[in-house]
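Okay, so subunit A shows up in both of these, paired with subunit B first and subunit C after.
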Partner chain A sequence: MFAEVLFIAFAALSILGAIGLILFRHPMKGAMSLIVTMISLAGLYALLSAELIFVLQLIVYAGAIMSLIIFIIMFLNIQDNDLPIEEGRYLYLAGGIAVIIPIACFMIKVVKSIPAHQATIVGNGFGGVKEVGLVLFQDWLLPFEIVSLLLLVALIGAVVLAGKRRLLK
Partner chain B sequence: MHDFLSLLPLVIITTGAILLMLLSAFESTKVEIASYISMGFYGVAFFVQLLIGCGPETTIFSETFNGMLVANNFSMAACLVILGCGFFTAISSHSYFKVNRFCTLEYYSIMMFSVCGMMLLTLTHELISAFIAIEIMSLAIYILVGYERKNVKATEAILKYLILGAFAGAFYTMGAALIYGGVGSTKFVEIAATLNIDKTISPLLLGGGFFIIVALLFKIAAFPFHSWVIDVYDGASAPITGFMATALKTAAFALFANFLALHTTMHDGWVTFLFYLAVFTMFGGNLIAIGQDNIKRMLAASGIVHSGYLLIALVAMNAEQFSGSVIAYYLAAYAIGTLGIFASLSYLGGEGEKRANFADFKGLAKVHPYSAAAITVFLLSMAGIPPTAGFMGKFYVITSAFSAGHIALAVLGIISSILSMWYYLRLIVNMYFHEATDTFEVQGRPLATAGTFVLVFFVFAIALYPVVV
Partner chain C sequence: MIQDYLILSVILFCLGILGVISRRNVFTVFMSIELMLNAANLAFITFSRVHESMDGHVMAMMIMAVAAAEAALALAVVILLHKHKGKLDTNVFSLLKG
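Right after this comes the complex of A and B.
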């Protein structure tokens, strides 16, 4: 019962944070509400006994990535008059909601079809570093390996798009 | 041993990409050398892939990779098309960057990485690996689209593509999560096993499939997710536009076909949906293409139409004994025509792609008769005039639709093909029936010219291949 209350609280918080991210005009407020989403997602992972993911979510996403984003926003020193005037943003918002409603109805139908299960706590160190490591390096070796290619592309891309470019003859 | 051989082309391309990445750290390496190196790697990988051929369907390293990679004839054909696209894009880039000087060595490295992602995408029979492969491919393409940092159009294109691509990625992961929730696995084999027992698509699988198909429709620029394609193709430099239009589409369709072919129930469940999508994609694309004055924008819109024909092939395919031959053949035929046009645009476009509109190519036939003839061949192939590869491709797609019983779809495909003549012939009329106002000077010794004529040869060679063999 207690877990259910926690779940609803975290879920509501994460959605509120996401809505705030879209609706706040100032990037700093948006970043702050994104942190709310990140932390409540960490809470949801904890409820699922995914210890490692919970810790990573807090350290990497809510910690490292968000501080980078906030650092950049502060670095740019964005004032209210730097922001573009968005006319008709509520019109676009209404349009977006109109598109999403049928998909949301569909999703609710899909979720309702999930058979009800009694939630039990999984044992045997599920979600710990060792278990995740074993699954990652045994069952999911290929995705793990090809992620290295993805990171390499991202790295070169950052150098190419943002770095100083020395043009060749 | 055969496992390793099936993986060898991918290994060669990855090695090439990393080698080029390392080389770009040296001051003394020239961009031209990098383009020759990448051409060499594409060529070697192409012939290795051709030599290995493919026997029966093999799961590559089924113990180590847990059956996530599967090589078959379809994946082999798709890989060949992708490697060919890489090779000819390297050739057109070589000429393009002689005039437009914003290239650095990383360009060829990133292009090879995107080819890695595409080849992985054709091989993978598992949703998570497929997602990573899609992201490798897309990330590399985003970078290539925005390579010319000073160009406002390119910057706009990369921003649009990146944000919409992130949406598609989010949809895909959502779909994969739902499928995992419904089946308990993301492997195609296990999804098929569940479908074998259930005989129907469960709501979770339906929702998951829907989101994955949405993401794939975005990648192939099908209705209603086609609107990004015009601006992005227009903003990217000509060789990259050609690469996106051909290689990326091949890889995305390979995954699409593999995903639908995993079980008959899966295919049957989505046929009606795909039927309407194919019709709207064809006619929507035609309507957009007719209104364009810019050649790249017209080709982008015609790419939407070709996605529509490929969707017909997906509707008509036999999921029971999936061979994908019709899809692979059409992709090859379309890739050759499109690559050819973009190769000729790369050397005829001039500095900063100043010749971009239909009107800019008036009287090309008087100045460069051979180039004009080559472009005519490519356009006729895309329009589907015999005896070109494009005709055979459309012929196979439409006959497969007939034999699968989708007669309405086949007829609509023919109508759309006739409509598309309008904008293909318009460029031909501009080239042949006007006096030349431009001198069309071509700088240097363009390798792309040679590439164009090789592609002209392939247009006829591929068309005659099924007749001769």
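Right after this comes the complex of A and C.
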């Protein structure tokens, strides 16, 4: 019972945050409402007893990535008149909703056809660091190494892109 | 219980798509993409809970790493474009238009 109440609260918060993201005009307000979504998603992960992902969501997503985005938004010092004039925004939004709703209904129908799962109690170590680490370093070793390469490429790429002007001078 | 999580994931993904189509601000489009990645993460974690295996958690960690790499690169590109054009409008950034 308590879990259902928490689920409804977190789900409502995350949907409200997402709606705020697509409706606020200034990206700073959008970023703030996206942080609300991220934190309530972290709560949902905790409800799904994924401890490691809960912590990672808070630290990496709501902490690192969002603070990077907010840092860049503040760094560019965006005023209200720097923002693009989006006069056709609600028109595009209405058209998008008209296109998306059938797809969403289809996807929800597919989801409903999944056999209902009884809320069983998972084992003691489900979602902990040890269990995830065992799977990560046994079955997923090659993808893990590829991800490390990807992060290296992104690091070099960001340095090359953002430091280009200084090199040219 | 499981279906509610998956429906929430579908709704968040559709909201992300709506943000990408309807907005012209680079930052909002970028953050909508992050929202879609988060919705995918939620579906992975939910299925991992259903099957009681850890593979979904590992996949969610991979998605987080990809999102971090994407954030670093995309923000570098945005800074560069803002230096060149002085605008944040996606319609201005049409360098690749044929």
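The rule is short, and it goes like this: the second predicted complex is superposed on the first by the 164 of 169 C-alpha atoms of A that agree within 3 Å, B and C clash if a C-alpha of one lies under 4 Å from a C-alpha of the other, contacts with A are read in each partner's own complex, and residues count from 1 in each chain.
As a convention for this text, a residue touches a chain if its C-beta (ideal position, glycine included) is under 8 Å from a C-beta of that chain, and two chains touch if they have at least 3 such contacts.
Every value quoted in this text rests on a predicted model; they were computed, and no experiment measured them.
S.K.: Is A:Ala154 touching anything from subunit B or subunit C once the two structures are fitted on A? First, second, both or neither.
M.R.: Once the two structures are laid over each other on A, A:Ala154 reaches both partners.
S.K.: Touching A:Met107 in the superposition: subunit B (first), subunit C (second), both, neither?
M.R.: In the superposition, A:Met107 contacts both subunit B and subunit C.
S.K.: State whether A:Met74 touches subunit B only (first), subunit C only (second), both chains, or neither.
M.R.: A:Met74 sits against neither subunit B nor subunit C.
S.K.: Touching A:Leu34 in the superposition: subunit B (first), subunit C (second), both, neither?
M.R.: The second partner, subunit C, only.
S.K.: If you stack the two complexes on chain A, which partner ends up touching A:Pro84: first (subunit B), second (subunit C), both, or neither?
M.R.: second
S.K.: Of the partners subunit B and subunit C, which touch A:Leu142 in the superposed model: first, second, both, neither?
M.R.: It touches subunit B, and subunit C stays clear.
S.K.: If you stack the two complexes on chain A, which partner ends up touching A:Leu52: first (subunit B), second (subunit C), both, or neither?
M.R.: A:Leu52: touches subunit C, not subunit B.
S.K.: I'd like to know which partner A:Tyr92 touches here: subunit B for first, subunit C for second, both or neither.
M.R.: So A:Tyr92 only meets subunit C here.
S.K.: If you tally the residues of subunit A touched by each partner, is the higher count for subunit B or for subunit C?
M.R.: C
S.K.: So which bits of subunit A does subunit B touch that subunit C touches too?
M.R.: Shared contact residues on subunit A (touching subunit B in one complex, subunit C in the other): 107, 114, 139-140, 143, 147, 150, 153-154, 157, 161, 165.
S.K.: Inside the complex, what are the residues of subunit A that reach subunit C?
M.R.: 7, 11, 14-15, 18-19, 21-22, 24-25, 27, 30-31, 34, 37-38, 41, 44-45, 48-50, 52-53, 56-57, 60-61, 64-65, 68-69, 72-73, 75-76, 78, 82-84, 86, 89-90, 92-93, 95-97, 100, 103-104, 107-108, 111-112, 114, 116-117, 119-120, 122-123, 126-127, 131-132, 134-136, 139-140, 143-144, 147, 150-151, 153-155, 157-158, 161-162, 164-165
S.K.: Spell out the part of subunit B that touches subunit A in their complex, as residue ranges.
M.R.: 14, 18, 21, 27, 29-31, 64-66, 68-69, 101-107, 109-110, 113-114, 116-117, 120, 124, 126, 128-129, 132-133, 135-136, 139-140, 142-143, 146-147, 149, 178, 181, 202-204, 206-207, 210
S.K.: In the complex of these two chains, what residues of subunit A are touching subunit B?
M.R.: Touch list, subunit A to subunit B: 106-107, 109-110, 113-114, 139-143, 146-147, 149-150, 152-154, 156-157, 159-161, 165-169.
S.K.: Please output the residues of subunit C touching subunit A within their complex, sorted ascending.
M.R.: 1-8, 10-12, 14-19, 21-25, 27-28, 30-32, 34-35, 38, 41-42, 45-46, 48-50, 52-55, 57-58, 60-62, 64-73, 75-80, 82-83, 87-92
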